[in-house]
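Which chain is which? They are A, B, C and D, in the order written, and residues in each are numbered from 1.
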Amino acid sequence: MPLTEEQEAEVAAARAHAAPTLRPTVATLEAMLARAIPVLDHGFLRVVDYMGDDGAVVQAARVSYGRGTKAANEDRGLIRYLMRHRHSTPFEMCEIKYHVKLPIFVARQWIRHRTANVNEYSARYSVMDREFYIPSPDHLAAQSATNRQGRGAVLEGAEATEVLRLLREDAARNYDHYAWMLNEGADGQVADEGRSGLARELARMNLTLNTYTQWYWKTDLHNLFHFLSLRADSHAQYEIRAYADAMLDTVRAWVPLCFEAFQDYRVGAVTLSSQMLAVVKRMLAGEAVDQPGSGLSKREWRELMETIGRDA
Amino acid sequence: MPLTEEQEAEVAAARAHAAPTLRPTVATLEAMLARAIPVLDHGFLRVVDYMGDDGAVVQAARVSYGRGTKAANEDRGLIRYLMRHRHSTPFEMCEIKYHVKLPIFVARQWIRHRTANVNEYSARYSVMDREFYIPSPDHLAAQSATNRQGRGAVLEGAEATEVLRLLREDAARNYDHYAWMLNEGADGQVADEGRSGLARELARMNLTLNTYTQWYWKTDLHNLFHFLSLRADSHAQYEIRAYADAMLDTVRAWVPLCFEAFQDYRVGAVTLSSQMLAVVKRMLAGEAVDQPGSGLSKREWRELMETIGRDA
Amino acid sequence: MPLTEEQEAEVAAARAHAAPTLRPTVATLEAMLARAIPVLDHGFLRVVDYMGDDGAVVQAARVSYGRGTKAANEDRGLIRYLMRHRHSTPFEMCEIKYHVKLPIFVARQWIRHRTANVNEYSARYSVMDREFYIPSPDHLAAQSATNRQGRGAVLEGAEATEVLRLLREDAARNYDHYAWMLNEGADGQVADEGRSGLARELARMNLTLNTYTQWYWKTDLHNLFHFLSLRADSHAQYEIRAYADAMLDTVRAWVPLCFEAFQDYRVGAVTLSSQMLAVVKRMLAGEAVDQPGSGLSKREWRELMETIGRDA
Amino acid sequence: MPLTEEQEAEVAAARAHAAPTLRPTVATLEAMLARAIPVLDHGFLRVVDYMGDDGAVVQAARVSYGRGTKAANEDRGLIRYLMRHRHSTPFEMCEIKYHVKLPIFVARQWIRHRTANVNEYSARYSVMDREFYIPSPDHLAAQSATNRQGRGAVLEGAEATEVLRLLREDAARNYDHYAWMLNEGADGQVADEGRSGLARELARMNLTLNTYTQWYWKTDLHNLFHFLSLRADSHAQYEIRAYADAMLDTVRAWVPLCFEAFQDYRVGAVTLSSQMLAVVKRMLAGEAVDQPGSGLSKREWRELMETIGRDA
């Protein structure tokens, strides 16, 4: 259960009072607002605030590209046109803010997306919580033999047991030493009057990279789609993908037309290089093409065959 | 009167239906929402949407800097502390979206602020309106004799009359030729069947820089304050300052505590160089300091005397 | 001839003195350095400075993705891999700075690319030059009947003559009135002692959008490729494409391996939506697919047929 | 000694061959180029490449603000004017690229500066080195009693000994377990054929935050000054300040006029709020002002007295 009692009280408070607004509102997202979606073993993601809806994208596009008629079914067509032709600025007119609790090594990947606003819990000012990410046994994967950044089969037996024991013990021991070095009790008072206690900004260096941190993270819909196209992808590390998947659920609830266009033109889309396109054209003309005759490298040939659903 | 009938209908429609939301709302800003604030002779500025309030800044800061107590008067103190020490990220947690109608030469200054989202009316797709900015007589200023980017006294008499006549006639004639080249009637139909009509993307080049354009412009509160510190300043050109002043009214209504801190620590604040500070310290110690003995250039000396309210 | 005598002297001065450096240098780009490439009737583009080369992209990628062997032909493979999989950060390690002279309406499109550094000639401080873009007759195109942002056939006969006359006369007249309002002689002295002269920041509003301005513009290679993929594209307005084409020549000289990968995986590449991919798979399996049975809209069907070189 | 033999060879190779260039070069920075400046116990910082010099700032400013005369001493005045009045864009015309080896907890602070390009060593692809930051005894500070983010006195005696022992042992043990989980020998071969080995992207989570990482980091001079104004400041954590101080040395060698202006108008400058300025004016007029009569909070009064060198 990822939320503390205090956090549950915060969620309840945030959901207790509705106020009237003239701004665009989205009932399906309001239903999720403030509520924590559990991610991994101790993490969560929750929508704190949002600006705009599908209509806000259309509104901005109509300023740029002129008015025309406004029938509801044309909104969908316009949004799909914008997504297909990478007219990205209208999607920037929507904004969303999340509160996320996540392991530090995931935060280190996430922060590489620069076009966003962030306020992270500071271990210079505050004491970190005693919570660490420990993979569930079915996500304890071996290094892939073929892909330098990928995972292979799941570890089993004694090796799996030992790995989990090491991860748990090392994180716990390092945290306990961190707490000892701080010399602060749970109440913020000095634990041992005979010691000075190490500065928080130094003691934190003893923590492991699976320690949980948290932050507020705010971005616009265009940049969110860019984030999701990379992080909800099968090449992304499972642990960040778990957050991206939770975000996809919120985006579907928030801007269903944009979400559908994103699925069709980005997630499910493929890009063919000029050489790959030439091969496909030859095949469509009935020619039997093989890798040596394709002009593609072996690697690109494999990628193309996978894309068009043929054996390499 | 800056709004067309159609635009008035849009404002009325936007204000007709309130919906309940669990998000932070600000009643004083809701009262202004969608309504056009007239700026210059044909321009306007209106708030289309917003995210967050004073409390959202505090919320983000407490994540970064720890919790502590939460009495209402401490929110003000925390916000002032953040502004004074340039802890800018919590202010990025608020976002605002404007619809602005403005002359092109103002838009060219404005767009230099890069950390914002923009959708501008496109003269490639659409026909521009026949509206130009003509300064009112009291803003028809001469070039400053001392400041290369400043204004001097107001023009008077025959020269003023002639300047206004030229601005009016040149803008109108160029627009009429633009319309002729387009060969489109007001209804979008071909005006003269015997001509092809020049492409919109080419015809627009005949327009003058005081032609009005419009855009949606969205930014976060930190970057808005940066914009306002430059553009609501006495060194800014009057025409963009008129928009910045209208924005200040919306910010005061939206985030009153942030606005007050901005006034005290940015707008009304002064920065002293290390040399200027040394002079002030000597003066406070009772020493009579003059420019030659100050180590400051004449220009810096003048700036310092102005800052501390003494004759140079 | 786009360069003034003074500018020619600047180019000669910039090219007069070579100094030794330990930084990566690119001889083919050094040969172009500082020299103006003419664009449009009075514009130009010239490379003022650059940082990095193909090797700098490889160097950064090897830090991120590990070392491995370093044979020369592997650099090419690595760069192509990075481009194909949109690993964009290594391309950000190269930087280039241009000096560009361009019409204001082109500058207005260009500036929408926000991730760049810009210093533009300021009409608040300085008097603009008397130079305007007038399209050559073969670029004087009609509005496209089918594409709201496109061009159709070239104007001919009396209409073409009249359009060119209007563009020339309006720009010239407006400039002359601008100069009269400024009341400055060519030497910067007051022209007519009996008048005050309008402030520069106001007088400029009388200029037309085809007046030439100039700026220094600096960006990294990743963002330059993004700019070029949009602006060297057939959908871009001819006038900005002319600049993009000149930039392509400089990029080819600067980073030939990156340029080749950009051509193959971006310029010549196509993106198929999930629905389009499904159609291609069915066709490759020998099925005869038509638009009604494809699940694609008529517009998308047309786009797909064009992509794979079939009649719609 | 921070460099490996392999890295020393890279530096030597980088410095072995000078090539002629027409670009601006800075001899004092060329003398430092590629060479590692040691920082902390195992870290370093080295300049990999640079673009521009003091003259490039002046060149860009003259485009924006007009030409005027160009005597050498006026370059200094212009640069100081730009810095004093926060005309930041000309400083963006210079760019610098560093290679940095730094502890992960320092990297986490550093990466918050978003306007920069980064390629970091990836622990998904590669095995991390066995190096950790352990503070020297004179930087092993207690938590400040008065400042929640500050350091107090240096730890001494048994507590210091024990803290250092814990930091060393925990980092080493966690690394050894990381290596065991990876099941890779130093040669990249499988260590124990009987085990699968945990994926690199998972095993890394067992590392401590003082483990060293490395990256290429590239930014423009304006954003570098912003970074340095925050990170070379006395409020910054010592460990990141050590890197900022090393960078200051490189900036002094690179752009001496910009560096001097930065020292005078940013590092040594103070900002007075409107209320603080009012107090200073009253004092200069001979009035005796105390905190209760100042209108300042106790905290702001203390800050002001410190600024003007008086006892609070």
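List of remarks:
Criterion: a residue touches a chain if its C-beta (ideal position, glycine included) is under 8 Å from a C-beta of that chain, and two chains touch if they have at least 3 such contacts.
Since the structure is predicted, the reported quantities are computational estimates derived from the model, not experimental observations.
The chains touching chain A as well as chain D are B, C. In terms of C-beta pairs in contact, A-B outnumbers the other of B-D and A-B. A separation of 34 Å divides the Cα centre of chain B from that of chain D. Computed from the mean C-alpha positions, the centre of chain B lies at a distance of 29 Å from the centre of chain C. Rounded to whole angstrom, the centroid-to-centroid distance between chain A and chain B, based on C-alpha atoms, equals 35 Å. Counting partners per residue, chain A has 65-66, 89, 112, 118, 122, 125, 148-149 as the residues that reach two or more other chains.
Residues of chain D touching chain B in their complex: 65-66, 77, 84, 89, 148-149, 263-265, 267-277, 280-281, 283-284, 297, 300, 307-310.
Every residue of chain A that touches chain D in the complex is listed here, in rising order: 103-105, 108, 111-112, 114-115, 118, 122, 124-125, 133, 135, 140-144, 148-153, 155, 159, 163, 166-167, 170-171, 173-174, 177, 180-182, 195-202, 204-210, 237.
Against chain A, in their complex, chain B makes its touches with residues 14-15, 17-25, 30, 33-34, 49-52, 56, 59-61, 63-67, 89-90, 92-93, 95, 97, 99, 117-122, 125-126, 214-216, 218, 220.
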